[in-house]
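My structure is below; once you've seen it, I'll send some questions.
Order of writing sets the labels: A, B, C and D. Residues in every chain begin at 1.
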Amino acid sequence: MTMQPWQEQLQAWLTIYQSYTAKGHVATYIPALAHANPQALGISLYLPDHRLIEAGDTTTLFTMQSVSKVVNFMAACETRGLAKVLENVDVEPTGDSFDSMIRLEIHKPGKPFNPMINAGAITVAALLPGDHEQQKIDHFLTMMERCIGRKPRINPEVYASEMKTAHRNRAIAHYLKGSGYLDAEVEDALNVYVKECAVEVTTRDLAKIGLILAHDGCHPITGERIVTKKTAQVTNSLMLTCGMYNASGKTAAFIGIPAKSGVSGGILASVGRRSPHTSNPFPDGCGIGVYGPAIDEYGNSVAGIALLQQLSEAWDMSIFSS
Amino acid sequence: MTMQPWQEQLQAWLTIYQSYTAKGHVATYIPALAHANPQALGISLYLPDHRLIEAGDTTTLFTMQSVSKVVNFMAACETRGLAKVLENVDVEPTGDSFDSMIRLEIHKPGKPFNPMINAGAITVAALLPGDHEQQKIDHFLTMMERCIGRKPRINPEVYASEMKTAHRNRAIAHYLKGSGYLDAEVEDALNVYVKECAVEVTTRDLAKIGLILAHDGCHPITGERIVTKKTAQVTNSLMLTCGMYNASGKTAAFIGIPAKSGVSGGILASVGRRSPHTSNPFPDGCGIGVYGPAIDEYGNSVAGIALLQQLSEAWDMSIFSS
Amino acid sequence: MTMQPWQEQLQAWLTIYQSYTAKGHVATYIPALAHANPQALGISLYLPDHRLIEAGDTTTLFTMQSVSKVVNFMAACETRGLAKVLENVDVEPTGDSFDSMIRLEIHKPGKPFNPMINAGAITVAALLPGDHEQQKIDHFLTMMERCIGRKPRINPEVYASEMKTAHRNRAIAHYLKGSGYLDAEVEDALNVYVKECAVEVTTRDLAKIGLILAHDGCHPITGERIVTKKTAQVTNSLMLTCGMYNASGKTAAFIGIPAKSGVSGGILASVGRRSPHTSNPFPDGCGIGVYGPAIDEYGNSVAGIALLQQLSEAWDMSIFSS
Amino acid sequence: MTMQPWQEQLQAWLTIYQSYTAKGHVATYIPALAHANPQALGISLYLPDHRLIEAGDTTTLFTMQSVSKVVNFMAACETRGLAKVLENVDVEPTGDSFDSMIRLEIHKPGKPFNPMINAGAITVAALLPGDHEQQKIDHFLTMMERCIGRKPRINPEVYASEMKTAHRNRAIAHYLKGSGYLDAEVEDALNVYVKECAVEVTTRDLAKIGLILAHDGCHPITGERIVTKKTAQVTNSLMLTCGMYNASGKTAAFIGIPAKSGVSGGILASVGRRSPHTSNPFPDGCGIGVYGPAIDEYGNSVAGIALLQQLSEAWDMSIFSS
């Protein structure tokens, strides 16, 4: 069957929602992010039969930022086991900001609440096998390669520039070390975490990862199992309950697609197979990658969110649709 | 097709997990709850073709307690409109306890975070139409009747006894009034909320409500639309992200079924239609009602949770299974 | 010795600092307060030999508001004993706002932190002897009469109007009731507290109370003991550490006089006997009453604070001056 | 006049309160502190005429720990000016623990609340002049030398051992850096702070510092001005309102002497000149140093506090006594 009608539909929506980019602002806390084109917008849908439905900026490379937390968690579960990882990080959503430390202090003993906030992600990065930073980051890159088919590049400027201003994340890492939730040297864990954030991808790459998560952790093209079914389910659950910063609840309620965003404007989303009763035109599921660097007050791509909501409603993609 | 094999399977699991009741304790803050039989355990699955699969205590009446928050939200959305309700309450999960007030004070202007915690539920109860308590509670009871086919009874002892010790909830209601998030007299809103908590149901009743939510808000037997599809999706999303107290994230990750629990030991769960790729034996969805008054540290039925996890794993019922 | 030079000096300062009233705003949350003259400013110093040094609006009646917390505490200690009172309220300063509830929830079991914030004052008001509101408030009024020589009036409009909007204080009272720190019916305790806030005084009255606290609890004219020396010391300590809302630390550091303010613009201050090494012209101490209804962001009289700082510096009145 | 009666009285009290050491525990988070003799107890009173009244362990060297925060603040004010210091740190008490970070996050922009908690002390240490750690710590040691007449030693084991476990303080320092309240490199500021904590003193040394603060910042023997009168008053005020951890309010109320404690069991206290009306036998003031390494739940020397309260009551030393 031809992709064309959907492709055209997607293109039409993209044209509409591109105007939404004006409502947001490009993240400016590091120069590399500030140079992004605020009007950029792109989306890729990757189907299990290898077909792509795309519109807009789908070949622009951008850094993963918080989207990397998903792959960080997958890599740690795959190498250390889900049970070991969950001894060190909980899976509960919070209403706090992504870089909050309050809950670590109030809720003793200070186990980070979930792997989608900075504290949890740093704890998880520390769990990656290896005594040093290099070995740990290699495990992340290997997981990336297995998902997207190539070893991605770590953007050296973004990495260097984030390390220089990583005061809050350093504070978090030292705090975790002090309370026994950092199974690595602070600088090693921090370097791994910041390098992961600086990994470059396109919307197509994110769509590929999303498709694997949509298929219970199996690569739909090669059939290879990337993570266990249980890990895939936990990852999807974490994206749905905690993936979109403090708009996670709203995204779950009004879009209903497990998704993880980053301040660079990327969104990775996973649409599993749905009941044939829904009007979803892709009953075998799909992965979605979005790029729109103008972000809203929560840190999510303004136009990206609008586009996802349009897709979810028009194509009946919510996990809660039955 | 005969229900018998599933019935027998369910009975076998119930026998196993009944021993888990010893790990929990019956809620004691009001005498009526303290008199519950701690070993009680029952479960009902209600299928869209009207068939029931059941085991254990499925005819015991117990008070809804926090499970009523689901119907409270449905009734308010149906009568006032989803948009109006969401002006007064957010849909974001928190990691705080169900009766917490901290977030109201820290996050100005103090809009309650979601309708599944006490603050949000009291705000929602106040929105039910009518100038007085009686009219408001009638809207709740009408919604109940439309879902379960009979007008349920409000347990007068439980109601009276909860009103007497409702200090914290009164504090919350007055706080909400002070910050502009209580669209009723404090005593009216509180009475409605506490009466809702005291409504008596069986597991079968909860399963019926669950099935409606599993079917996008339509009554699968009568075909009647009970709430809009959008309201049903938001309700399911709220149950998944905030329905099981501070174990909501864990329930989403390891069970993956939208569910709402109460301290009386009830759980209402909604399993939507799933993709035929899953091994779920009920591809057309089902509603589930559980009763097990021995609760854990979070406030959830210990054996009930174990039973639900068994079902979800054995029958591939997770919303994240694809 | 003649008062004239000090009187003239005081008048000169008052003229200077009256312009500071423009930096503040009159409290508006109840109409009665909003009608105050924002430019009003008055100060009374009461010496142990009965002499008064005054300038400005010293005969205007205004409601005590939070200044009443001082007399509330004195009355409870005198009638129930200091030890009994301190079983129910701590004496620790907090950095939270006067009507905060956060600390009650975070620090179990929820004993209010000190009698100078609303939660603590409501707990203390509940401890006043008597089964009903009337008996309790009578104990407060009796303590007032012993201090100022007349039974003051409760402003009925202010009382009625504060009761109508006392949502937050009602929330606090119900919370305290729920955690076992309210030894009275909620409405009784609240009525007593709000009536105390509505008691009318002049700067002269406040100066008289201040002088008693400056003299270890004895009335310097009559020689009558009003409260024990220990109670007087604890009261002065509470004023110094917690009496000026979230500017208490700054007031202690830069003024160094135990003082309690209210949103009506009143300040009660107590200057004890000082070492003859200081240049304080009133080595036998004095009581100070201030009225300046234009308040700053903390809730303290803008011009009143400036005037007190001027006095403290010029007349070497800080308790930390040696 | 002979010291003997007081000396004997002090010795008698020391004998009584030494049994209180059994109620506390020696701090164990670093080995050097854990080796302290839990029964040790000593006290020195230093009078302006150079006389000493002493009892118990007054020549044992112990590390200053948090007591150093007082001299840290004095040194920074003397070298950078009080105004500059107060741009970077507030003077408000909090009810939070000494190593809390919650308030930095909740109260934007994150200015530390006072110089007596870790966050504030690290900010103040960073303000000491010099580009590197060595220059900064030299300013602290110079201030110490001016107060106690000798250059004290930094205990190298305690310093090294605290640096190794300084995770929480590192977290605080990085947090401050990120929010603009650390005017130095993180490691420099941290090293200065930890070295200050490791400075060795005796009770006699602390009494000398206390006497300077009791005399408005002048050395009573040499007549030399050590800090400005304003700085001395602010320091005394900070000790009274925030010097004894979360028992600061209780210490102010029931002892009424500006004091700063450390987890090594030291207490520095300052008793200014008092009115001749009091029965204080030392009307010209005194400095007090206490050492009793068995500490209570707040971190204060159990027997030291009891001894101070005895002195304050028997010798009428409270700043609130008049």
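Methods note: contacts are C-beta pairs under 8 Å (C-beta built on N, C-alpha and C of every residue); 3 or more make two chains touch, one makes a residue touch a chain.
None of these values were measured; they are calculated from a predicted model.
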| item | value |
| --- | --- |
| Chains contacting each of chain A and chain C, listed by label | B, D |
| Averaged-CA centre spacing for the pair chain B and chain A, given as whole angstrom | 31 |
| Centre-of-Cα separation between chain C and chain B, whole angstrom | 49 |
| Chain centre separation (chain B, chain D; CA means) in Å | 55 |
| Sequence positions of chain C contacting 2 or more other chains | 106 |
| Touching pairs - complete list by chain label | A-B, A-D, B-C, C-D |
| In the complex with chain C, residue positions of chain D that touch it | 90-96, 103, 107, 113-114, 214-216, 229, 232-234, 236-238, 240-242, 246-250, 252-254, 256, 258, 272-278, 283, 285, 318-322 |
| Residue ranges of chain D touching chain A (in the complex, touch as defined) | 100-102, 105-106, 165, 167-168, 170-175, 177-179, 186 |
